[in-house]
Amino acid sequence: MFRYIVRRLVTMVPMMVVISILCFTVIKLQPGDFTTQFLTDPRITPEQVAQIRERLGLDQPPAIQYLTWVKGILTRGDFGYSFAYKRPVQELIWERMGWTVAVAGATIIFSWAVAIPIGIYSATHKYSFVDYLLTFIGFIGVSIPSFFLALVLMYLSLSLGGTAVGGLFSQQYIGAPWSWGRLLDLLRHLWIPIIAIGLSGTAGLIRLMRGSLLDVLGTQYITTAKGKGLSQRVVIYKHAVRNAINPLISVFGMQLPELISGTIIASIVLNLPTMGPFFYDALINSDQYLVMTFLMLSAFLMLIGNLLADILLALTDPRIRYE
Amino acid sequence: MATEMKSLSQTQLIMRRFKAHRLGVIGAVVLGFMYLLVIFAPFVSPSDYLEQRRNFVNHPPTPLRFVDHEGNFSSRPFVYGTSRTRDPITLEVFWVENTDLKYPLYFLVRGSTYSFLGMESNLHLFGLDQNSGGQFFLFGTDRFGRDLFARILFGGRVTLSVGVFGIVLSFAIGVTMGGISGYYGGVIDNLIQRLIELLRSFPRIPLWLALSMILPASWSSVQVYFGVVTILAFLDWTGIARVVRGQFLNLRSKEFVEAAKALGVSDGAIIGRHILPNIMSYLIVTATLNFPGMIIGESSISFLGLGIKEPMTSWGLLLKDAQSMDVLLRQTWLIIPGIFIFISVLAFNFMGDALRDAFDPYA
Amino acid sequence: MRKLLLAVLLIFAMTLSVVASPAAISPALFEEIGTHGGELVLGLASTPRSFNFYGIIDNAAYTILYNIIEPLVEENPATGEIIPGLAESWEVDESGTEVTFHLRDVAWSDGTPFTADDVVFTMEHVVMNTHAEGNSADRFTLGGQPVLWQKIDAHTVKAILPSPYGAFTRVLTHALMVPKHKYEPFIAALNEGVEPGTINQAWTTDTPLSDIVGTGPFVLSEYVVDQKVTLKRNPNYWKVDPEGNRLPYLDQLVYLVVQDDQVMLAQFRSGEIHRITITGQNFPGLKREELDGSSFRVLTGSPVSPTPSPPHLAFNWDIEDEELREIFRNDKFRQAMEHTVDRHRIIEDVYNTLAIIPGVPVLPANTAFYNPAIEDIMREYDLEKAKRLLDEVGIKDRGDGVRVLPSGRPFELTLTTAVNVQPHNDIAVILENEWEELGITTHLQLISSTLVGQRRTAGEYEAIIEAFGNQPDPQLRKAIWQPGRALYYWHRSTMDENQEPILANMEDWELRVFDLFELGEVEMDPVQRKAYYDEWQEIYAERVPVIYIAKGMELQAVSNAIGNIFLQENGQIVGTNYTAFVK
């Protein structure tokens, strides 16, 4: 197992390199670059634009730009310079990491905490009224686009007299030191993003859990266990669920990169201070090093997530072995 | 020979089990009905989805009546004419029924001409007498005066076909890749897994943005959209592949597979006869769960302005028109496309559920 | 006789320099005298990417910085006149090329005195610094010669113009003064070993807030990344209200970063944000709530602000396709297309009636420059006339409803505009419908406004709907409206790679427009200037290089708790941050 992990980590390096090259290529295929916006402003003459291009290194061929950037990472840990903010990229991303992780983390916790019990209940009480009801609610979650759901939730909240719409905090608590009041304010604001972002994932997990557990419950070794006289509860939790969790583990690994890019739209619609909207802006403005670093970070998280999922899979299912 | 007889009756068993699952049957019927509606959209719809009736902007759904304001019942349904007023202060637009103008609803009526499968026709399922001057908007109109019912039907063509197209494509690729990876293991597994990781490492929305900027501007909106959908499907297959692979890893060590191998049954036969049916339920669940994902993905892209573009339409794009609190309040009928999304997703899920139960050999 | 002399002297004095109690500002800005205290919360549509006014092109940053730093002269927000700012008064000499400014005796927010050194430094090393990404060098360069600045004494500065410049004071209203003692380290010309681009590194978003000093009504007190910017009152601000009370009234000004306009509306309705700009589509809902007794009021302002310009329809005169190029350059074709624009319907449906027929592009409210004669020249919606004119150009219906070009191929047009700007998007959808009716196969290309800008700059479009930031004085936007300039985008071949006009490529009427702008730039007599710009408008209305569509009215919604934000008699909305107060 240990050797396997090490091997995976080592393979990650060339993968990141390939990914970085592909990302850079896609970015460079876009027409224009950061200086294109200056062409539409009458105050900047073409000489000035040329000066700016030179200063930012955009007049170099793409290959040189790429290699210079990589060199900066390897020698100075410098992930490049944001053309728009005039500051190093890593500082800007770091500033926004906190809330991104917090919101996504809360969403993941919520969806798992809700989905697993509901999925188990649904499977063990198959075709009951509650099963149908929960299934139905789950379906709503999967079938409404998150941006629309966010709007509807905001509207409902407003019409019920709520004032905690949009963003994570009321104006007076933004940037304020932590206190019970602030925590309460955060929770009042957080429920809309969590539901809007997490509902479809939760519904998916419920379906998966239910389906997986049902399958396991029907297998032979469960029948054997029952035949052996083990109690229902022991059968379900000790044996069935452990195996039913299997496909869900695969999903868990994938959820981490959803963290960052999947919530872009909902974050824009709900005005959350996360990396999503920030990245979208950077892409529109061709702030290329910001885009690259963000893509690389996302890819890195993805690779780690996959590794994690595989490790967890091996830990929970003793029949799976890695050479 | 014994094996062949077994698979025949297995199919029959599956069908029987499916029919027993009433919700699933309902789902299948609803979907069938929906597909019929959208295929025959020009016939079913009384109006052209592109026509802008400037005198009927933001018109609510026309109430269909059987009893007139004097209390008389008529077996033929009818609608009243409407007139528009604008509040001078708030500038709100109000549509009021005018009980002096009565327009009966006819079936199989002549209306605007359209071409369908190369033939020209002007027969519509229902509508008003086209010379009467009356208007019937089943689901109201949008801010350009376009019939929402017509737009939902024609938009449905796009949404429902794209979902199928995307699913089939990602399905085919995912099963193949996941199967090969999980069954053979070793180096092949490693390579395919790395490939999957590579693709999955691309965050979708940024990649869609980037790629949409590269697509030729000369492409029509439909071409662009299918291009983007193909890209979506090419990224999406990895999810299915992972699940399939997990199941293969799981089943690979099962006794009956080892027994079959020991008996000398070929790899292909083992995959086809034994492993596939076992994972079928997972595939179906995943596929049916991916369909709404396709629709949601489509509406998300349209929301960002990268998907279907005017004057073409899709349910996602129609929902984008409803993305405002003022619309929710005052033109609530504009969220009807959302209901269609919801119903089609529900139907697919019920159907998938029933299929899963039907396939389950141990039920 | 003496009375007459006195009167003449008085008028003379008033035309040469502006006399007013220097610190008390125009009473027109006040509906009532306010009280000190409280905070005003506003929305910002994007996050500011720097606090360096001259280092970026970013509207959010500009919005914040206008509260912190100030220009020598200002535009009165209520009347549009040029009034004293950091310059108490100024005189223009007889030749019209020397302007002497007398500076106000004020201090920067960190106590350092504001002097002529700051003015000369700002103008020479910052505003005119071509390495600064937000510089305004070209506005202070006439005929290739820069405006020069000379310190006379601590409170007197002289500007030496290469030629008389009619819009000089107008242009100065956008040249905000920055503190020399804070910006100096970033200037390459004054420091050994400092790279030229370093000016852009000044006042980035991680700068300690106490370093960002200005003379304006507010100073930065807090910045929470991507979420909010808080400013607090500058206790030593020089402006006072008509009763002599120090301004601003507010203790605190808060900007919340809200990128989605639905959230902005929701937060306004919930009372978190106090003032927003709204569209014609938002209007009915909010107005209804106001009538039902909400805690806010909706203001319908007449469209006085020149920005944004009315959306206009343009064709690409430099398109590669030769046949289309000939057609787009044909006046009659464009006049035909003007007949396809149903302005009344657009005002009714797209703007919910809250818009007016625009000028070309000078707005009717801009009495200093508007030429009413254009109203007789602008063409009405008339599809029959459009058809006839298209026939005359040679684009005829081939019998089945499809129009073909003289060469015989069907006439197809791609219409590009921004999908995220609601009026533009909707106008395009309406026009597409009209053109289809004429038999022109129309493809809509609705893309993000950034992409529209790129396509426009690159000349990759056929027909496009755009709007620009505009200024009341046409001179300030000659870059757009004068042929041969960088933003005269529909006919780019009138300009060479060095951004010099190519007169040979201009139509004869374009040459006339070119001359008119050249004349207007140096003309000092306002009456004569207006005559030049009047003629320009008539030419534009007749030849329609671009077709102007409508100008939306100014719509704002304000919380009832905030005072001094109101509708003037002339229909204009007035309300500044330094006159607003909490009731």
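Residue numbering begins at 1 within each chain, and the chains themselves are lettered A, B and C in the order written.
Rule of thumb we're sticking to: contacts are C-beta pairs under 8 Å (C-beta built on N, C-alpha and C of every residue); 3 or more make two chains touch, one makes a residue touch a chain.
All values derive from a computational prediction rather than experimental measurement.
Q: Sort the chain contact graph into one of these: line, ring, star, complete or other.
A: complete
Q: Which chain pair is joined by more contacting C-beta pairs, B-C or A-B?
A: Answer by contact count: A-B.
Q: Express in whole angstrom the distance between the two chain centres, defined as the mean CA positions of chain A and chain C.
A: The separation of the two C-alpha centroids amounts to 40 Å.
Q: Please report how many Å separate the Cα centroid of chain A from that of chain B, as a whole number.
A: The mean C-alpha positions of chain A and chain B differ by 26 Å.
Q: Between chain B and chain C, what is the separation of their C-alpha centroids in Å?
A: 45
Q: Check each residue of chain B and list the ones that touch at least two other chains.
A: 213, 323-325, 329
Q: Using the touch definition from the top, which residues of chain A touch two or more other chains?
A: Where chain A meets two or more other chains at a single residue, that happens at 31, 151, 154-155, 158.
Q: So which stretches of chain C touch two or more other chains?
A: Those would be 262, 266, 448.
Q: For the complex, which residues does chain C have touching chain A?
A: 41, 46-47, 49-50, 52, 55-58, 130-131, 133-139, 195-197, 200-201, 204-206, 222, 224-228, 230, 254, 256-260, 262-264, 266-267, 269-272, 448, 450, 453-454, 456-458, 477, 479-480, 485-487, 497-499
Q: Which of the residues in chain C come into contact with chain B in the complex?
A: Its residues touching chain B are 262, 265-266, 280-285, 287-288, 291, 345, 349, 352-354, 419-420, 425-426, 428-430, 432-433, 436, 443-448, 451, 455, 460.
Q: Which stretch or stretches of chain A touch chain B in the complex?
A: 11, 15, 18-19, 22-23, 26-27, 29-31, 139-140, 142-148, 151-152, 154-155, 158, 200, 204, 207-208, 211-212, 214-215, 218-220, 246-247, 250, 254, 257, 260-262, 264-265, 279-280, 283, 291, 294-295, 298-299, 302-303, 306, 313, 317, 319-320, 323
Q: Which part of chain B faces chain A closely enough to touch in the complex?
A: Result: residues 186, 194, 197-198, 200-207, 209-211, 213-214, 239, 242-243, 246-247, 249-250, 253, 281-282, 285, 289, 292, 295-296, 299-300, 303-304, 316, 319, 322-325, 328-329, 338, 341-342, 345-346, 349, 356, 360, 362-363 of chain B touch chain A.
Q: Considering the complex alone, what residue numbers of chain A touch chain C?
A: Interface residues on the chain A side: 31-32, 36-48, 51-52, 55, 84-87, 91, 95-96, 151, 154-155, 158, 162-167, 169-171, 174-175, 268-271, 273, 277-278, 281, 284-285.
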